[in-house]
């Protein structure tokens, strides 16, 4: 007997408003239908009315967890348009903060995955250790989130010797903790039972549905912008791209923890090789007419900004493509034939950053307009029962 | 496969179809194509130049024409295919049969630019809220909007 | 005089007043242990060491507005919390707390009271299903079905594991079972497997992680209690707390040789032994993650049931050997 | 005497419901971070609840987008009295960087009455903690 469960816009598993409508048969999901739009803030229209400098602060607030990646991606593209080359030290500090943000984002994700699976102790421990990296970021940039350390032509804050030593010491502590979480994530029986074999995505599906980031790497596709399209800093670092080929949530846990360990290596190399010199260069107010495509490896996948300027001090067009958006079609494939209990876990597995993805929405073809027992997922109206079309008990089609 | 090989390869394969071919930066190739043979170019890119991965589709409002840019990314370089469509009859063919993952971005074009994508499997609106007035496309330059008037709580407005 | 003693027995000592205070204390103990295991402080600012926190929750819920969805089945919706509370507190009366002296047994100690107690302990699960069913919210109906599916999983191993020590003591009376193990404490050891199975089964009965699927917060919002608020929610939470106390007291009686000694010593034994069992429950709660509904049922039948049967086998062989 | 007791119980056990109305999830992460060992909110008896039925205090983040506007009002109706609303972060107060965009209403107070505003982008977990404690102080 089929009926539709709305995982409404406001749901404890999803920290952000997204609405999923699952066509379910008993406990097995037959089909999924995602409707976003709740988070659409009309950012691209707004960007066309702000100057280049103001846009840095706008692109930074696209998403809380990967704020630095959007800002860096934007600043990279604009520097190409303005033909401004930031000094080496500025670049090194910029990508140091980028790697620190990747560490804090992956630790956050590990905790949320544990919380979705009901493993709250794992959530508490990972988030307690995340505070270490938050303190480092606050020391470097002054704020726990939204670091605003980027500016056109370089970076706004410098690093002194004391800070460098503290970062190295913090990374050493975090490396020990991450290995401990790696063992737990891959061995704790009740946790592994929940994540092994769940949300399976084959390499072919991942390839055809253009999945990005850890979701694709967990299905065996080694695609990492830091390797394919490296900017100044990454081709001087040696690190390898962590992949797994099981294609399920366990594979994503493994890939993310591998990336954590890689990031620690990169941070240490950046700190050791930090060159001397200025950290920023003056940038002109107007950008030369032209267009630029800038790509950046955000913690969740590949971030892409397409910037087109007509020579004035405001961008003519700013197109932002966040990684979560690319993973939505893949999510629909993963949800098929899963269990209801797995919805939040599969959904958390792609580490959705819904506020990033909110310029575009995906709705893969569910049988069109099968408005069966439940109208468009308005979770609370049904729960309240006060709304005009509350469902009288009699005709709730229920097999028992 | 460096940028120059890609450019020579494209010129050889596409011949007349490639209206414009530019390489403004390392690992960036821009290619302008007429809307009619868009699908053929996309299949060629996917099969011969390992561009199965479509990053996104950007729409640009250039006054009287709408420009659509398809950003493909392969291991070697980022190839962007550009087509232009008159604003009067904004019709573009879908590339979903070739790249299933493109359904997202084509949906956005429909919402934001009023571009009609022919043959799209699922044309329902997505990004705009349910009560969005039909026919108004936010990202067009000529679209103006009135800000919802500010209500200061406590009646001191 | 006997009537006054029974009235006092029902109302004060193992009755409503004691149960209310002791179950709030146990909830505080459980929340504090769970928090400390997670490297957190847990409730500290309400009263000394946060002791009054559960009471504050209870009083606040009692003073909140009570919302009944109009699509809900009004009669059932209102009466269920009271029914649940009544069932669980009568179950508490059967425990051999004060009527331990076999010579003059009080009205609630009779042969076969362990069976009645186990039956009364499985009634709250049905009350939870009816609550979910009567509140017609989609999520509570899904939660309700999960409550029942889990019931079939853990009920049989629980019965088997609780009854095997009774068979060893060859009597169905709780007071006699406790007295038997007080005389021969060495016989507690062979029951350890049964104790493990019973603790896990009780964890499933009380719907605590890893078996808290019916009200899994991140999956189906509130689960069975999505629709309840205010007074009815307070009564339901009280019912769940008392159920924790009664189940752990049952395990303590059957597996850890009851609560010997007079009034005071018996009370101290009761507190220590139930807190030990509750600590075990929160230990399990902190160390595992929630498992899926089909995994619960397969785990129950593939692991718990065989272990319980093995425990039965040991007990029967031991009885033959002791004869 | 009874009112003093209920007042004390309301101050000592505020259950919160987290409501995201189109935020950039920086404030949401800081709200969740307030539950973790370093800022542990449970010391004050605060529990994160899933359904509006069980909650007393709504912690709202984000500039209200047009799509989610009516759902926010509906959820606000479902929280039983006495209820309070804390607007966390600059977006919830006035729309922050997104002020003026065509799709946002510019702050939670355009949709539901707000008791306490917590500034900051994102507001720090200890600022959120301080807001909850201050709100309870005014009861």
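The first chain written gets the first letter, and so on, giving A, B, C and D; residue counts start at 1 in each chain.
Please note the rule applied: contacts are C-beta pairs under 8 Å (C-beta built on N, C-alpha and C of every residue); 3 or more make two chains touch, one makes a residue touch a chain.
From a predicted model like this one, the values you see are computed outputs, not experimental measurements.
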Moving only from a chain to one it touches, give the least number of moves from subunit B to subunit C. 2
Joint neighbours of subunit D and subunit A, given as chain labels: B, C
Comparison of A-B and C-D (more C-beta pairs in contact): A-B
Where subunit C and subunit D are represented by their mean Cα positions, the distance between them in whole Å: 35
Subunit A to subunit B: how many Å between their CA centres? 23
How many Å are there between the centre of subunit B and the centre of subunit D, using C-alpha atoms for each centre? 39
Starting from the mean Cα coordinates of subunit A and subunit C, work out the distance between those two points in Å. 43
Residue numbers in subunit B touching two or more further chains are 129-130, 138
If you look at subunit C, which of its residues touch at least two other chains? 38-40, 217-218, 221, 226-227
At which residue positions does subunit A touch at least two other chains? 12, 37, 40, 42, 45, 124, 128, 358, 383-384, 386
Can you list every touching chain pair? A-B, A-C, A-D, B-D, C-D
Subunit A touches which residues of subunit D in the complex? 18-30, 32-33, 36-38, 48, 50-53, 62-63, 65, 67-68, 71, 74-75, 77-78, 96-98, 100-104, 121-122, 124
Residues on subunit A engaged by subunit D in the complex (per definition of touch): 8-10, 12, 15-17, 37-43, 45-46, 49, 57-58, 61-65, 67, 108, 111, 123-124, 127-128, 131, 144-146, 353-355, 358, 378, 380-381, 383-384, 386-387
Contact set on subunit D toward subunit B in their complex: 65-67, 100, 102-103, 105-106, 109-110, 113-114
Across the complex, what residues on subunit C touch subunit A? 37-40, 69-73, 136-139, 141-142, 145, 209-210, 212-213, 216-221, 226-227, 286-295
Residue set of subunit A touching subunit B in the complex reads 35-37, 40, 42, 44-45, 80, 207-212, 223, 228-229, 290-293, 295, 302, 304, 306, 308, 316-317, 319, 321, 325-326, 328-329, 358-365, 368, 376
